[in-house]
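There are two complexes below, and they share subunit A, which is joined by subunit B in the first and by subunit C in the second.
Moving on, here comes the complex of A and B:
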């Protein structure tokens, strides 16, 4: 057993490379998904029926299928329609599309419970259009959603492990590579689990810090 | 897609449903047991459960199944794909279920427990007659939500060679060179499975509502 861990330790560079890729992928996916989720939320709340129904269809569709299926659709399915990705961009797009839908639903929930007077007051002060969203509607929604969005970020980290199946060189993929080369499954995957756990802890700590800052500014 | 392809997708659905259900049937009571250990603050065990829950909740299901399937034989415990998949699904969901049960237990009014003790109930009887009938109803929405999340991460079991809905769709796509139709049928199958769980929850709740006047 110690020999196994020694082998994994000797190849820690490879495991850390996968870890760094997982972090990069997840940070990018979280930021882009959050940016995409904004307009989707606005579309969900739109009074225009066709627009809101289109957004509703996208969000509900994503919430009904497994992440891996979406990754397969983007990686193997879309090329038959002439849209091509490499495994990295396919993985990132899948993470973004899938999680933006969940985030939009989270934001919609917070928006629906935002008091109408808050928006009325904003409009009375002359805010309208984009400035109304940016200054009046989005900030309290985002702040109210920080803990749930933190959970969604952890979900992104865990979804990203599926991307090993389409050969994205992330953490689980590198652990698999080390284990298949030296047959050290226990040490390799325990190493990966510890790193995932560490990453989730970091996210939880960050979320806690943001929450406390938001509380102070209120 | 030929008729046989639809048939193999349905076979995949049977695999996804049966393995997930087995995982749920083991994971829900296991989660309750873990939650009770933490709730009762059993020395040592309580801390171990906290670590178990924290690590499993942070571990991707794919990574965990790879660990169970490849590492157990390595440490002298031979395991087949199906038991490995069930064990991984059950352990994964038990960690989340533990937190759902625990939230309901923490919210449970202590005064009711005091009343039960005053009425001469043993802790076991008080749990069966007073605590459990209330916390399972409070936990039901969270538990069903976790069940749908488990279904959505269940394609991870394919790394052991098990052919579930997603893997069946990939195979058909590789044979026919037209991956989109089987993927869309697979998506529809998942939709139906998840709808089934949500419907079952509604049925149970409305049944409870009729029987007791509240859900």
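Moving on, here comes the complex of A and C:
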């Protein structure tokens, strides 16, 4: 057993490379997913029924599809329609589309429970449209959603492991490569688990810090 | 900087005083099948304070919300400084949301439950709309906001979030937020109703200072002593209709209608004895 861990330790560079790739992928996916979730949330809350139904279809669709299948469809399925992505772009797109839908649903819930008075005041003071959303509605709902969005970020980290099936060189992929080369599955995967745990702990700490700041406003 | 009090002394200003800042012409509003406002009209000249009185459910708050189109009236017209709200000039075409927002920014509103934005500090609440809606220079807006905070005695709360303020402090900030927009007219929707009795006085003091300083105000209130002392005119609403329009001296001593008399009698014992000087 010690020998197995020694082999993984000897290839720690490769594991860390996968770890850094996972961090980059997840940070980018979280930021883009949050940005995409904004307009989708507006669409979900729109009074225009076709727009809200379209957004609802997208969100419900994504929530019913297993992430692995979505990644397969984007990487292997879309080329049959002439749309081709490399493995990085396909992986990032899958993470963004999938998790933006969840985030939009989280933001919609917070918006629906936002006291009507704050929006009334915004409208009475001349805010409308995008400016009303950006300056008056979005900040308090983001504040209210920090813990849930933190959970969703952890979900992105865990979903990113599926991208090994389309050969994105993220953490699971690198751990898998080490184990298949030296047949050290336990040590290689436990090494990856420790790094995933570390990454999730960092996210939880950041969420805690943001929550403490948000607490001052409550 | 004297921001709360802006008295008009010149002769040119005297003519300006005669021109209505706010005109409400025959507005009606229904919720479902219920008439909430029926053919309500009023006119407010510059510097006047008009108090709207009436029992609960008489349509007072709906009237204020119709004035700035938070509720869209079913019939009638509303003009602020001569500009019709809700419709483009000279036509029956509805304003775009952006046009409506721009005209709303000239009507200040103080809400019963303060409605301060919780994610912004006190200063942030004051400068948000002047900077983002009126597009005024940030430095100028901050200087004016700080002067307003000084005048309402809350300068030291500049960087505090609303959640850390008392009800009275929140409402004073809400008044300063409305003033920071340099509004043509200021609407108060039962500004003291949600406050503990000991906090009512500090808010009424600011409102009275504004009234004496020449701010144009429409005040929905149950504070009879404020209405009697500070108002230039009283409008009594009942079941969505204007029942009586009078000077405060007349309204509180010799109301013309039986409904106003009954209303004053009901309020008389519980309210008129409690003045802001007592609290």
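One rule holds for everything that comes next: the second predicted complex is superposed on the first by the 216 of 218 C-alpha atoms of A that agree within 3 Å, B and C clash if a C-alpha of one lies under 4 Å from a C-alpha of the other, contacts with A are read in each partner's own complex, and residues count from 1 in each chain.
What we mean here is this: contacts are C-beta pairs under 8 Å (C-beta built on N, C-alpha and C of every residue); 3 or more make two chains touch, one makes a residue touch a chain.
Keep in mind it's a predicted model, so treat the numbers as computed, not measured.
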Partner chain in contact with A:157 - subunit B first, subunit C second, else both or neither: first
Comparing the two partners subunit B and subunit C, which touches a greater set of residues in subunit A: B
Subunit B versus subunit C as contact partner of A:64, first or second or both or neither: first
Partner chain(s) touched by A:12 [first = subunit B, second = subunit C, both, neither]: neither
Partner chain in contact with A:197 - subunit B first, subunit C second, else both or neither: first
Touching partner for A:84 - first (subunit B), second (subunit C), both, neither: neither
Touching partner for A:213 - first (subunit B), second (subunit C), both, neither: neither
Touched partner set for A:127, first subunit B, second subunit C, both or neither: second
Partner chain in contact with A:117 - subunit B first, subunit C second, else both or neither: second
Residue ranges of subunit A in contact with subunit C within the complex: 117-118, 120-129, 131, 135-136, 139-140, 143, 216-218
Subunit C - residues contacting subunit A, complex: 68, 70, 97-98, 100-102, 104-105, 107, 109, 111, 113, 115-120, 128-129, 132-134, 161, 163-164, 177, 181
Of all residues in subunit B, those that touch subunit A in their complex: 54-55, 57-64, 66-67, 70-71, 74-75, 151-156, 158-159, 166, 169-170, 173, 177-180, 183, 186-187, 190-191, 194-195
Parts of subunit A lying in touch with subunit B, wherever the complex brings them together: 1, 61, 64-69, 72-73, 76-77, 80-81, 154, 157-162, 164-165, 171-172, 175-176, 179, 183-186, 189-190, 192-193, 196-197, 199-201
